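Take a look at the structures listed below.
In what comes next, chain A is part of two complexes: it sits with chain B in the first one and with chain C in the second one.
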Partner chain A sequence: MTATASVAVSADRLTRRVAWLATSPSLRLAARRLLIAVPVLWGVSALTFVVMSVLPGNAAQQLLGAQATPAQVHQLELQLGLDKPAWLRYGDWLGGVVTGNLGKSIASGQSVTAIIGLRLPVTLELVVYALVVSLALAVPVALLAAHRPGGLADRLSMGISMAGLSVANYVLALVLVIVLAVYLPVFPAIGFVPLGEDVGANLRSLTLPALAIGLPLAGFYTRLLRADIADQMQEDYVVTARAKGVGPWQVLVRHALRNSLFGLLTIVGVNLGTLIGATVIIEQIFALPGIGQAFIQAINNRDVPLIEAIVLVLASAVVLANLLTDILYAVLDPRIRYGQRPD
Partner chain B sequence: MAPAQPGGWWTRRLAVAAAALSLLVAACGGGTTSTGTNQGGTPQRGGSLNYLVSGPLANWDRGLDSASGGAAPSIFEDAIYSQLFRLSPTGEIEPILATGYQLSADGTTVTLSLRQGVKFQDGTPFDASAVAWNINRDLTTTCVCSPVTSWPKLSSEGITTPDDHTVVLHFSRPYGAVISVLITSSVNHIVSPTAVQKLGDQFKLKPVGAGPFEVVSNLVSSQLVLQRYDGFFKKGQPYLDKLTFTTIGGDQPAYQAMLAGQAQAGGLTTPALIQQARQNPSLTVALEQSTAPWVIQLNTAIPPFNNELAREAIYYATDPDAMRVHLFNNLFTATQSFTGPAGLFYTPKVPGYRTYNLAKAKQLVSQLGGLTVDLFAGNDTISTTLLQALQTQWSQAGIQTTIRADPDLTRIIQEFTGKKWQAGLQLVGAYDPAVGAGLPFRFLSTAIYSGVHDTTLDQMMDTAASSTDKSKRAQQYADIAKYISDHAYSPFLFGAVTGATALKSVHGPGLTSSVPLAGGFPAPYWDEAWIAKA
Partner chain C sequence: MANVPTDERLSLGLEPTEDTPAAARAGSWRGHLDVGIPAAIIVLLFAACFVWPALFPLPKPVGGNIFDANLRPLSPGHILGTDTVGNDVLSRLLYGGRTSLETALAVNLIGLILGGTIGALAGYLGGAVDAIAMRGLDVLIAFPALVLALAIADSLGPGQGHTILALCFFAVPIFARNARAATLRLRELTFMTAARLCGTRTWRMLVRHIAPNILPQLITFGLLSMGAIMVIEGALSFLGLGVPLPDPSWGNMIFQGQQSISATPLLVLFPSAFLFVSVLAFNLFGDALRARWNLR
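Then we have the complex of A and B:
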């Protein structure tokens, strides 16, 4: 085969691959959702800017503190460009975002992208770890509870999960530190070890924060999943499976759980915003250098570019997580084909 | 001292959780041995100390350049830059990078003598030209840490450097508090001019000074890692190899982190937690007295407090001792004037001061035909506790009080600039009453944060600040305290304390023994800090 023919074949393959991708329901869904996300994210950023604009005071006043004279505040306002109208500042910022420039922190003068780049991995890892903890606990406990509704395991797990739900995660965080860092020094009370430095130490440093966020969530997920599985166990297909002689655990895990996971997935996706919100407080308690810590300082400093960027990143994460959830539906249930009417 | 620092919603919730948790920790706690200061032993070289910071100390977003950082990061700047002067444990001015100062007889000229042979961490010389360069720079910065708002203007001679180790400041009028201002301002932290010019904007992230430690890494407002500067002028010092500052979200997690051994020291401000830490045998707690007491500011420009009888009623209806003893574990020190126990010219008792007298308060309220007050403060834990206590105490005298805890600094500033406020619970004072956030800040007619408009008082304050004779100044400030008391301008409550808390293995002034809070924040002597090896 000549080189020209080889190139023609490759181009043909590429064209067919692109055509196939264009007809992929999941990809079409992803593209549609991503397009919808653009106005959503713009709305979030505009709302954030409006809220920050109507709040009393500005970065100059916050940074200089109460002792500053009006002249000093005015001078810093000029330096920081805060004398410009709000819409102009927002326009400047938005123009930067469109070109991939998130601007500079008003307080520190550092690139916002650099600040987020340093801190986002810490928060993301914490979110993922907390999610894994919550699901790793919720799924087996819910199965155990649903295996014999009203039994000892069911009552016990429901009681514990209700207790977990009732405790605020910042209180739980303090209790966990006392028990698992002070009296039983198993995990560190504060600090963060980067993943690239030492994997074991990294996981140890994030275990208590992940438990503080993940345990109340696990309580919530357990109750939800257990109720859903119990409902599924009344369905005809379960009766059929039992009639065929499928064992009770097999029915529970292979049939009821699989169908119940849809509800759980939905809630996990919706709950992601709450999960990220929890990290803001937990990072403070465990001295984790994540995005939540920067967010609190940015709000205190009225550091609008940094606040806007963090909100944008977090909102994008929530949008992406919801998209991922929808795609997972398709993965879990072959009957579901987006863009096609199920037969 | 700045107004009460704001706290977020979660900080308050954390405080409530912490209070409950304190009981748990106490129940599980070890012995009840009371610990005092821990000064003994021969310093050992080496080791690493993790010092926890929270609240206003945990915000170094503006960087660590002494001319732009603001007041809060002085705890870090002391480590990086050292100081020209610092306060000794007994409150005397102690030269460090300077060797002394001389105030001229007429009070208009100050001569600073500098230590010779000192080098910045970049190898450039610490000399008179570097210090003069710093002072000139500090006088033009927008930072509130600049001495410009307190110092009189320089005369036409300005700043001169007769030789490499002498700097002379020529002022346009006498000013007795010049060194007091210096030690609480950016001028006290001398940066390397060469490094500033070389690093530009990056300097504030990785500053260069002549202090005991140099910067290794700086994750802004999260973690600052320093290592020993081997060229520090004190031979053999600092003792620590590494000093880390870590931001944490409050006293309770800080306390627990120390108990877990992940941090070795920090400053606690929650009274219940300070008491608990004092009873923990693994910790040393040194009580550091405040320079700034709480004051109930009354706006004398508008009703009801343009009437002296209404102000007197507030004096008589307020029982600071009941709050001090029952709400704050007797940790705080009472005062009837504007300086805390760690400040200059501390006057705990003022002749003729109107103390708690419920009957007189009731009588005055009746005479006034009733009294309704709007009282605001910050929303930190101590402020909100005090607001509720004052509302309760005043209600017993028939005073109807609306209390408001403003959520942030801007709102507090707006209260004052709006001029419609009636009463505010704030902190007043500084190490020297003449200094920036000291007495004039709350009592000068033209000050934004003042509720008093009395030209006689203005004149008294100006005279006391200008005076160069310390004993004369003491008398002048005692007279001012009496004048404020006689006119019932503002009842004073008590000065808060900070519990310098550290593991038993840690030693050093400001860590395990008390040193004055010159800038209102803890100021450990980092060059003298050391850790005993196990």
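Then we have the complex of A and C:
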């Protein structure tokens, strides 16, 4: 075979590959979801702008404080461009976003992208840590509970997980502070050490916040996974496996858990957005320099460009998490790929 | 699968079928404990918060004497002691519970009625109505509740009514989404087609055929969301956006106690315990009803 022929063959294969991808149900699903996401994000940004411009007070007043004279406030308003009508300011901002420019923070003058780049990693690290804590607890406990339905381990773990998911994360945070920072000073009560400085100290400073978010989540995931595994155990393929002489743990882990993880994956994905929202209050309690803390400061300062950017980050997290879950689901499970879309 | 006898299911490592606990349940009070215990706790909570202060005189929850501040529990006249400004803790717990329960109840009722109607209409009518309503709700769901809560507290002033309003923006879309999903499942059933073929009007379809069938799902969801709303109300207090001090709510009591947490941890633990028990009771009640009505 000559070289040109093999090139032609591989080019042909490539076009076929592309054509196959274009008809791939998971990709089409992704594209459709992405198209829906754009107007939703636009709506969120417009709503934020409306809310912020209806609110009494603006950044100029907030920055100058209560003692400022109206003339001073007006001066700063002119300087910051706050005298322009709201729709014009929104148009300017939207034009910037489309070209990838999120603008500058009014309060600090820093670029909004830089602030978010500094704050977002802290929040993401906290979320990942909390997810690891919750899943590391939920999977083994759910397996132990499902191993003998109605047994002691099952009833005990279901009771504890119900109690766990009923605790408010801020209450748990305070209890953890009382026990593990005040009475037994194992972990710091507040403060944050960046990951780049000292990995051990960084993890220590994030442990209590991650436990406060992760433990209630673990209760939630345990109950879901346990219920899903119980459903799987009723399926014919489990009976077949048992009849072939596969051991009970083997059936549980290799057969039932594998199928149940799909359900868990969906819930984890759908919850990711809420989880990032939950960090706002936890960051406040533990004084962590994450995106939630920046959000509260920005709201107090009426720092509209920063508020808009953070709202967009939070809303995109919700939308993207849902999207990724759908796609991952379709990629992993052929039954969904060729059937209706999961809802 | 359902006709495998119970003993064999157990030896196969399968769960016994649903009819076993139901059979055990029939005619025995023990079978009703899953619903009974949480229901009893909820009734007790409501009675303690709404009836007790009316029947037995309690010190006022606000305006305590600063010279009585930080009394220990079991002090004369103050069973659970006083807080850092001298208010009776028990009285604040009960009146605060009133605020928390009222807020959660109001938000959930509004969510159930308004969200339920929107969701059922969107699901039943389908087409453009559905698409527009759902995109609007998507925006509200993706919109951080915090911004709205702040906007409302800032422009209308903090207060219980405004907290309820802010939380409704959060609850209504979620109820609507639930109601829509339930209506979609219902819409294709034969009895719905039959009713439509009889020329039943839309409002009658909604009231007589859809509402009774999606209500169990919405009620169990509402019970689970009672706890969630009480927790969020507390979270708003942490940011100074909830029910304003000195009026008590469990959320703002926790927030107030947090400021002196190492000296007087009980001021945090008492309202936390009440909040925890009520959230747990609502969750257990919702869960038991869901299991009983075979909902997912």
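As a convention for this text, the second predicted complex is superposed on the first by the 281 of 343 C-alpha atoms of A that agree within 3 Å, B and C clash if a C-alpha of one lies under 4 Å from a C-alpha of the other, contacts with A are read in each partner's own complex, and residues count from 1 in each chain.
Criterion: a contact is a pair of C-beta atoms (placed from the backbone, for glycine too) under 8 Å apart; a residue touches a chain by one contact, two chains touch by 3 or more.
Just so it is clear, the model here is predicted, and its values are computed rather than measured.
Clashing of chain B with chain C is the outcome of superposition onto chain A. Once the two complexes are overlaid on the shared chain, A:R242 sits against chain C while remaining clear of chain B. Of the two partner chains placed around the shared chain by superposition, chain B is the only one that A:Q297 touches, whereas chain C remains out of contact. Of the two partner chains placed around the shared chain by superposition, chain B is the only one that A:Q62 touches, whereas chain C remains out of contact.
In the superposed pair of complexes, A:V171 makes contact with chain B and with chain C alike. When the shared chain is aligned, no partner comes close enough to touch A:L35: not chain B, not chain C.
In the superposition on chain A, A:A107 makes contact with chain B only, while chain C stays out of contact range.
Applying the stated contact rule after C-alpha superposition, one finds that A:I281 touches each of chain B and chain C.
Contacts of A:A230 after superposition: chain C is touched, whereas chain B is not reached.
Of the two partner chains placed by superposition, A:V98 touches none, neither chain B nor chain C.
The superposed model puts chain B in the path of chain C at one of 8-16, 62-70 or 224-232, which is 62-70. The interface of chain A with chain B overlaps its interface with chain C at residues 55-57, 168, 170-171, 174-175, 177-178, 182, 281, 284-285, 296. The residues of chain A lying in touch with chain B in their complex are 55-58, 61-70, 72, 75-76, 79, 105, 107-110, 115, 118, 168, 170-171, 173-175, 177-178, 181-183, 185, 188-191, 281, 283-287, 289, 293-294, 296-297, 300-303.
Chain A makes touch with chain C in their complex at residues 36, 39-41, 43-44, 47-48, 51-52, 54-57, 149-150, 162-163, 165-168, 170-171, 174-175, 177-178, 182, 230, 233-234, 236, 238-239, 242, 248, 251, 273, 277, 280-281, 284-285, 295-296, 299, 307, 311, 314-315, 318-319, 343.
Put simply, chain B touches chain A in their complex at residues 2-3, 6, 8, 10, 13-14, 17-18, 20-21, 24-25, 28, 52, 58-59, 61-63, 70-71, 142-144, 149, 201, 204-205, 219-223, 246-250, 252-253, 256-257, 259-263, 408-414, 436-437, 441, 448-449. Those residues of chain C lying in contact with chain A across their complex are 1, 12-16, 135-136, 138-139, 141-148, 150-151, 154-155, 181, 227, 231, 234-235, 238-239, 254, 258, 261-262, 265, 268-269, 272, 275-276, 279-280, 283-284, 287.
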